[in-house]
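Take a look at the following structure, please.
Going by the order they are written in, the chains are A, B and C; count residues from 1 in each one.
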Amino acid sequence: MTAAGAAVAPGNSRRVVKSVLTRIGFYVMVLLLGVFFALPMLWLLAAPFDRTPTLAAGVPDFTFDNFVRVFENPFVLPSLRNSLILALATMVLVVTAAALCAYALSRVHLPGRDILLYVLLLFSAVVSGTAAMVPLFLLIFEIGLINTHTGVVLVLAGGLMPAGIFILKDFMDSTPASYEESARVAGASALQTLRDIVVPVVRPGLAVIAVWTVVQVWGDFLIPFILLRDPELAPAAVVMFNFYTEGGQANLPLISAYSFLYSVPVVVMYLFVNRRYGFRFYGGIKR
Amino acid sequence: MSPSPVRSPAVDAPPAPGGKGRAREDAGSQRSPAEVLGVKGAASFVAPAVGIVGVFLIFPALWTLYLGITNLRLTGLAAAEPQVVGLDNVTQALSDPSFLNALWVTAIFVLGSAVIGQTVLGLGLAWLFRNWHGWGRQALEVLVIFAWIIPGSVVAFLWIAMLDGESGTLNALLPGGVGIEWLLTYPMLSIIVFNIWRGTAFAMLLFGAALNTVPPSHLETARLAGAGAWRQLVDIVLPTIRGHILTALLLVSLWTFNLFTPFLLTRGGPNFQTEVLPIYIYRVAISQGELGFGAAIGAIMLVINLAIALVYIHVLSERAA
Amino acid sequence: MSRRVLRLRWLSLLFVLLMVAAACAGDDTSGEAATEDGDATPEDVGAGTEEGEATPDDEDETEAAAEPTGEPVTISIAENAVRGGKNAIMADYLIDYAIPTFTEQMAADGRDVTVEFTESGIEDEDYKSRLALDLSVGEGPDVIGFDSFWLSEFVAAGYLQPLTELVGPEVDDWEGWEQIPEAVAGSLELEGERYGLPLGTDGRVLFYRSDVLAEAGLGEDFQPESWEDILEAARTIAEELPDVTPLQVNAGTSMGEATTLQGFMPILLGTGAQLHDGEAWIGDTPQLRQALEFYDEVYSEGLGDAELQVRADGRDRSFQEFSEGGIAMLIESDYLWRGVIAPEALFPVENRDEVVGWAKIPAMEPGAGIRGQDFVSASGGTGRVLNPGTEHPQEAWEFLSFLGSEEALTEFVEREPRVTAREDVNATGIADDPMLTFIAEETLPITWYRPGFEEYPQVSEAIQRMVENLVAGRNSVEEAAQAFEADLQGIVGEENIRSETG
């Protein structure tokens, strides 16, 4: 590893050899890992541009026809817009509410809060299962939010919140309270302290939760499928199933192109967030 | 610094500088943040989350658990008039060989892909990245995270194309022109490797944060004493980040336990060899329409997860003692 | 009804939770404990919410529309069909032809009727689940695209009503009933009551590649008279053309309902037995074992590709292989012909009309089939039902019967050739398609529909598991049959099973 490589004592040939070998081993390992993670993605780069895509990645017989055909579908663009609405709304809700809650839980001692949080996590697993279909539907139906994005956002936010709080509380715990004391001396309110002192410090963590939330919503099929009726409101995860035939066969030219369109926004968002806010699970505390 | 989500004193006491300081403040200091916030303030901070979680999570979750003691179906007579059947669903499940098969498959899947796979590889990557800032690191990290954020229904196509017997990418790379149908010949291994690929990013990010909390001076001391990277990792790093390991294990195990994505690769096959519990639930709750029974399995899974969590906490705190 | 009690109970829980959340935010989950007092909530509160302002009016104009007489009326129709995607022809047909034509006809009578079409393009099982959810709370579209084998479970759940009850006796006077054969009409009937209008039906045959058969020296025309004839032909192909999979009979859970309908059912019918004989379900009987023996012969001799049966994309692959000539014989419905290997479909066979042939599925031996038949077939059916919660049953029925009229069905068949429920339409609309004509004329008279019991979907799943375990080599014929009967006991109860081993 790099650290080991740097610590070579000059003049000792055995050590030099060893360090060279370590270095080679290091690069081989990194290369293998890179191949492992990159390889499956080839299909997403090849198939959408292939005249006759199959379930195999290969050099495409290049064409944009698949995209042209996908865009002829009246639901493709609305579906991406709907996904964006659902994802952003849920993200704002989860990040804000979870950050506030995590901060409070981190600063005020509440006996049993960690167990409580874990139980909530377990509940979110229960609710994400197919068996929760009836309760979720009836709940949203009775409060009149069937066939609205609001209903979907609330249910998704409820399910993602515990993990958000769980993770963010770790971050909040790791920011030294002394910063906040100074703010308090300066007469700042609790909300101001959170906004001006804590948030900047945990910003990369918030970015992770934000991206995580968006990704979860982006891929979720069950909740929007149960709660939405108008095809104009359906997000991409649901519209993806438009591209199967009556007998359940995947229409690969359309599906591959749609998969590409469906993946690009989250990838771009991650790259943007990563560049702009950083994407780390730690605060700005430098040691 | 006290990252342990489920706190036990033994776990997070010594190597947590922030935590110690805060504990003292919690106890007395007049300008403690607890007072900045105040009980009322804290309550209002917690309110939005509690409201949403209470109505849209706790409520439907308890409702679902309640359904577990009924014979509710989506259609048919039992849809109109569901009966409370008590623990019949659980008894029925425990005597159903398909359920026991699914339980066993899930155990291997979680152990292989989450506990060992994602956690170890995630820690390895974080360790690799800790002092490395070149473009290579950036590229690898981005790839790992891409695998994590691409939508599940798309990822399924990627891996079917990867593992196909006739024209799959993997077979094309292997020497000797083998035509292995990976998903049929090594179904369990396939979905385990798939899930490692899919989910390692989270553990990597979490451990990246964890390694940052290890005081460099401790490592320096160890290095001067002649400890290699391995010894540093085992003697200094792992004990320090025990809390993070716990967090990672808890979340990653729970998420993997409830992961439905293998369905998109194998539909639980061949011949139920990869039928993990969420697929089993799907089969009974949707294909057979037995929602009550499906909910009961969900409850059993909850209990199992709780048990796993207790084991983690127990093991990790014992090591500290 | 207990569903109502449950709903009241959770309404009160919701209330409690909201109060808890609002009042003492810091104090979490104590609301859970308050569940048990649900019944204390006054009835009228629950009822008011339930019937009244449950759905915001602006969300659903249908429900907001006024009384039928003279006023503008809006009705809605749902199909699992979507423009530019799944079943696109149906979606285009409704949007471009059926809805405008119907609206015009109404306008000519001085009536202002608007029809809204709710498209969806999801898996059929998901479409069904969503429909069940909607109907369970009295919501959903007025006219509903419906697979006939869902009927009994929906009726048992109280989600559907007989047409005469919902609309009136004039339903029985509709001209179209005379054109619909009894068996087809029966697919949407239960205990003598009509619940909907059948639209289309289908039939199962043995498709084969005549080019492959000729290459194996079997001649181009093939009509086996017994199972042995099929197996003989398959063995010949296996010998002559080792790269070709001779026979594909669906098996396994990943093939889903295709395993039951175009696999096990026609085979079982060929033994003279049926899934449900009017009194009991078939258990571990000699006929059941004969059917399993056939599967066992096909797959243990390697005449069929067992791996294809258990893989997630098995059905797609078998279609693809058949289209490429890699599978010689395949039991499928006419969907293969019109929806899979047709020129515009996913696996087009260029010279389909020359290289693809079809034969009736033979019984085990001549005369050994159900009702003493020499040949058997199995059919499914689609149609449309009316939502009992509709506010405009009259207009909904008028639209439904318009869609089933000769004029409207003929227009549909011109867009997508298929066997309809109406004999007059079949006589003209598909006359130039030999395959569909064959289905209509040769297989429909000998076909069999799935048993109309609410347990059927579960039984079907148990069948799929039984066959998969056999084909995958996990179970012997005996073990598979015994395990099936054990499954069946859990589904329908011992008293409803006919089992007579040995």
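One rule holds in what follows: contacts are C-beta pairs under 8 Å (C-beta built on N, C-alpha and C of every residue); 3 or more make two chains touch, one makes a residue touch a chain.
Keep in mind the model is a prediction, meaning the values are calculated, not measured.
Of all the chains, the one whose CA centre sits at the greatest distance from that of subunit A is C.
When the C-beta contacts at A-B and at B-C are tallied, the pair with the greater total is A-B.
Centre-to-centre separation between subunit A and subunit C, using Cα means, comes to 37 Å.
Note: centroid distance subunit A to subunit B, computed from Cα atoms, is 15 Å. Computed centre separation for the pair subunit B/subunit C is 38 angstrom, with centres defined by C-alpha atoms. Residue positions 55, 104, 133-135, 139, 250 of subunit A each touch two or more of the other chains. Residue positions of subunit C with contacts to 2 or more other chains are 10, 14, 26, 28-29, 126, 129, 133, 256, 313.
Shared interface positions of subunit B, i.e. residues touching 2 or more other chains, are given as 39, 42-43, 46, 50, 55, 58-59, 63, 74, 160, 286. Of all the residues in subunit C, the ones that touch subunit A in their complex are 7, 10-11, 14, 26, 28-29, 49-50, 53-56, 59-60, 82-87, 118-124, 126, 129-130, 133-134, 137, 139, 256, 313, 315-316, 319, 335, 339-340, 345-347.
Those residues of subunit B that touch subunit A in the complex are listed here as 1-7, 18-19, 21-22, 25-26, 29, 31-39, 41-43, 45-46, 48-50, 52-53, 55-61, 63-65, 67-68, 72, 74, 125, 127-128, 130-132, 136, 139-140, 142-155, 157-162, 164, 166-170, 173, 197, 205-206, 208-210, 212-213, 215-216, 223, 228-229, 244, 247, 250-251, 254, 257-258, 278, 281-282, 285-286, 291, 294-295, 297-299, 301-302, 305-306, 309.
The part of subunit C that touches subunit B in the complex is made up of residues 1-3, 6, 10, 13-14, 17-18, 20-22, 24-26, 28-29, 31-32, 35, 125-126, 128-129, 132-133, 136, 150, 153-154, 156-159, 252-254, 256, 307, 310-313, 454-455, 457-458, 461, 465, 468-469, 472, 474, 490. Here subunit B touches subunit C in the complex through residues 39, 42-44, 46-47, 50-51, 54-55, 58-59, 62-63, 73-77, 79-83, 92, 98, 160, 181, 183-184, 264-272, 283, 286-290, going by the rule given at the top. Those residues of subunit A that touch subunit C in the shared complex are 55, 72-76, 104, 110, 116, 133-135, 137-139, 141-144, 146-148, 225-226, 229-231, 238-239, 241-251, 254.
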